[in-house]
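Some structures are shown below for you to check.
Heads up, the next two complexes both have subunit A, just with different partners, subunit B and then subunit C.
After this line comes the complex of A and B, so read on.
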């Protein structure tokens, strides 16, 4: 009996250790292959605007900036929309409609990314092409709009679960003070739920930075600095997919692993920030 | 009601309406475009159905090989991730305490937050590493894609297991130990049966996640015209990649229609998984509260 106790403990420990080893392995492999670039002086060349692999220039700065522009645009689309939907679902919409919208947003989180990309490539892109001269339609704006909708469910669901928790504690107090539903939401419940809302926005941000397919299918993938919303851009994630798929030289590979490291670190920064906020301000549900 | 209140009501309603319109428009568009081609020809092209299903006749214009590829891939990923995900989730819910628990959940969250393209890059790096060291002829393959997808969905299974076990009321969780059951007996006869629905729901959601992911398989061996998968060390086709490929490389109107058909097919698949997972989880809520 004592043996069985040890045995079952060992099983659980092993499973936990394997799971931890996965994280370490991902990190170790990325660093191992990116190390020659990061340790040597090549990182200066890496942080240049020049991506001309055939002339030996492997700058990934255009892709870093491309990821940044696209993510900011997607957040500008998603955050106001998410705030509105959260307001609607936490009391401003009539009960059944609020429930239906919430179910719809939940369902949105299950729609495959590639489906968004495919439909946008044959609706939004031709629309932009025909209405704005000089644009191919595959541009920052198209990718930003769709990416905004892609990250909407992440922000709404995590935000709503934070709002609901605060609402349970404070709604009675608000009613007792004679606040209207709008007043209590705007002045009491949203401000009180800020740690959860911050986590929601951060996780939405991480999702936007890490998404590959939307940028790959809709942003045009030209490694350049965009001059306007209708210019083509290339993100870090799309860059990785394109370089690995086209099978370039080993030098190009290294720049890809540096891009991978950067994405991993961005994810880690978001994760640790959310963890800190969670520890300081009590439990937040990450999966709404 | 003041003017400001009205403005906020207006904003909330319009955001909800915009979201609903976009999603319904998207679904309607796919149903309209894809519904027109839904039929045996979408799956098998010109090949006769039964011989094509059993693999005697190769399928050239249909999405059948991609469907089988996705199915095999998802089964492989789920069966690799399930034992470790279950074990790690049980560890977090039952054994882990304090700093160890915090560290472990932080790592699991990091795994969940890692972009899927990075997971694909990890698989690609493994192949480069194997080529340099033990197996010079190593190449991207079905097994590699399965392993990478398993790592991708592992955190979802861990989280689902942990949440399901922690959602069991304390009085119920203590029944096992109070009867003098060992840890093993407690897990197998008390904890797991009570948490099974929650875990099952989470696993189904994870399967949906594995079925729709494109970035991982893009770097780990998916190709456009592999036919039915011939072994775990060979190339394969998959539905999401077919859709991506057709969006960029379609050569005729009928190929484009096939793309819409594949979209509808993938959407139906993920929607079914999603709805059944929600239905199962809804049932637990009714059981406990």
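After this line comes the complex of A and C, so read on.
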């Protein structure tokens, strides 16, 4: 008995240490390779708007902005939809329909990203091209819409579980106060579940920043500042995917590590925020 | 009866094996007899059809050999073979001095390929001057009307920074001239064909071996991007396709390279729209 407890504890510690060590190793690796760029004063060149590797310009600012625009657009698509779906599934909609929608969202979360990208490349892209002059169809809007759909299940499923947790504690109280289901959802449960909902949104955000394939397949990958929703853009992730295959001795190649570092920091920042929010407010709703 | 057939078969096998040293240099499929193991190939996307066909023939002939073919682009080919992750790394360009020195790579050319300009089949433009091509890719010529087409915007498609196809097109068709930043960047020859075939206003460039009826080739200064023109030398935008190994290739890799450089390989190369390197 005692032995098995020690054993399982050791197993868990090992698992934790291995995963932590992996993350630290990735970070160390990124910093090690990005260091010549950061220390050598090349970072000034990296923070320019000009990516013309064959003319000696290695600015990744367009990609940083491209990632930002695309992520914000995807969030603008996904958040209102997710809020609606969450409310619908947790009481606003009729039971069977709510169940069906929930099942559909679960199913959506299992669809491989490449399928979204592929279908959109053959439907949405030609549609945008023929209906908006001046656009090739491969653009910020196409990638933003699809990326919004891609992160929707993440936000909805995490948000729903947060709502359900709060709902279990408060629904009796709400009924006792004479609130209807709709009233209690909108005025009590939704506001009380905000830390969980924020975590859902942040994790959706992290998924959107980190996604590579949608941007690579639909955004056009032109390293420029987008002037409109119909312009071709390149994200940091797509940039890494496109440039990682170049001559590894070139300066263009080194920009990949700077981009990797940035993405790592964004992911770390989001996760730390989620953790802090959960730590600070997560317990509050449980205590009532 | 069965036993007799088996005996004859055994005799034949023995005969084949004993003859093998004589045939070893002939680059026939029989060179793979008695070999076994895995051969991994990655890199240039233009190479893929040829590699796949050769791999299929070899694996059908000798099921003890497993050959995997992956893409990734010329840059990936160099890095993977350099790091020892694959046996053969394909490139659609000659290696840079640095790459060769750093990894100790050896190159084997097996085919010549042209890189041709292509537009949507509905586009009436089928000939451009070199200056027009440069103007279009630099973003100075923005409408098909300026080069004799419809009054529509030109949608530019280019390849990624690691592409050997881009490298040769940029050097030999654009004379290292600028490519507009608005151009969409596509990451393989196959994806380029799909992009052009689905966009009526597109212009892009791809390996001649990949061109088919879904896109329409555009002549530069009157010379069409066809296999015949590339072969006789009148079409200037050509490059060699290479297989690269780290140091001396192993037995299986060596046999594979010999096979592709030999007569059977040349046949596969031609069937896929490329020109065998020897010719």
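Assume the second predicted complex is superposed on the first by the 262 of 288 C-alpha atoms of A that agree within 3 Å, B and C clash if a C-alpha of one lies under 4 Å from a C-alpha of the other, contacts with A are read in each partner's own complex, and residues count from 1 in each chain.
One rule holds for everything that comes next: contacts are C-beta pairs under 8 Å (C-beta built on N, C-alpha and C of every residue); 3 or more make two chains touch, one makes a residue touch a chain.
The structure presented is a predicted model; accordingly, all values stated were derived computationally and were not measured.
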Once the two structures are overlaid on subunit A, check if subunit B and subunit C clash or fit side by side.
clash
Scan A:245 for contacts with subunit B and subunit C and give back first, second, both or neither.
both
What is the contact status of A:115 with respect to subunit B (first) and subunit C (second): first, second, both, or neither?
first
Which partner chains sit in contact with A:231 here, subunit B, subunit C, both or neither? Use first/second/both/neither.
second
Candidates 133-141, 151-159 or 259-267 checked on subunit B; the stretch that hits subunit C is 133-141
Using the superposition described at the top, list the residues of subunit A that contact subunit B and also contact subunit C.
122, 216, 241, 244-245
Contacting residues of subunit B [partner subunit A, same complex]
1, 4-5, 8-9, 11-16, 18-20, 22-23, 26, 29-30, 83-88, 90-92, 94-96, 102, 104, 106-111, 113-122, 124-126, 128-129, 151, 154-155, 158-159, 163, 182-184, 187, 205, 208, 211-212, 214-215, 218-219, 240, 243-244, 246-248, 256, 259-260, 263, 266-267, 270-271, 273-274, 278
So, in the complex, the side of subunit A touching subunit B is made of residues 1, 4-5, 7-9, 11-16, 18-20, 22-23, 25-26, 29-30, 32-33, 80-85, 87-89, 92-93, 97, 101, 104-108, 110-119, 121-123, 149, 152, 180, 182-183, 186, 203, 206, 209-213, 216-217, 237, 240-241, 244-245, 253, 256-257, 260, 263-264, 267-268, 270-272, 274-275, 279, 286-287
Listed in rising order, the residues of subunit A that touch subunit C in the complex are 51-55, 122, 125-126, 129, 133-134, 136-138, 216, 220-224, 231-232, 234, 241-249, 252
Would you tell me which residues of subunit C are touching subunit A in their complex?
72-76, 78-79, 82, 96, 98-99, 102, 153, 155, 160-162, 170, 176, 178, 181-187, 195, 198-199, 201-202
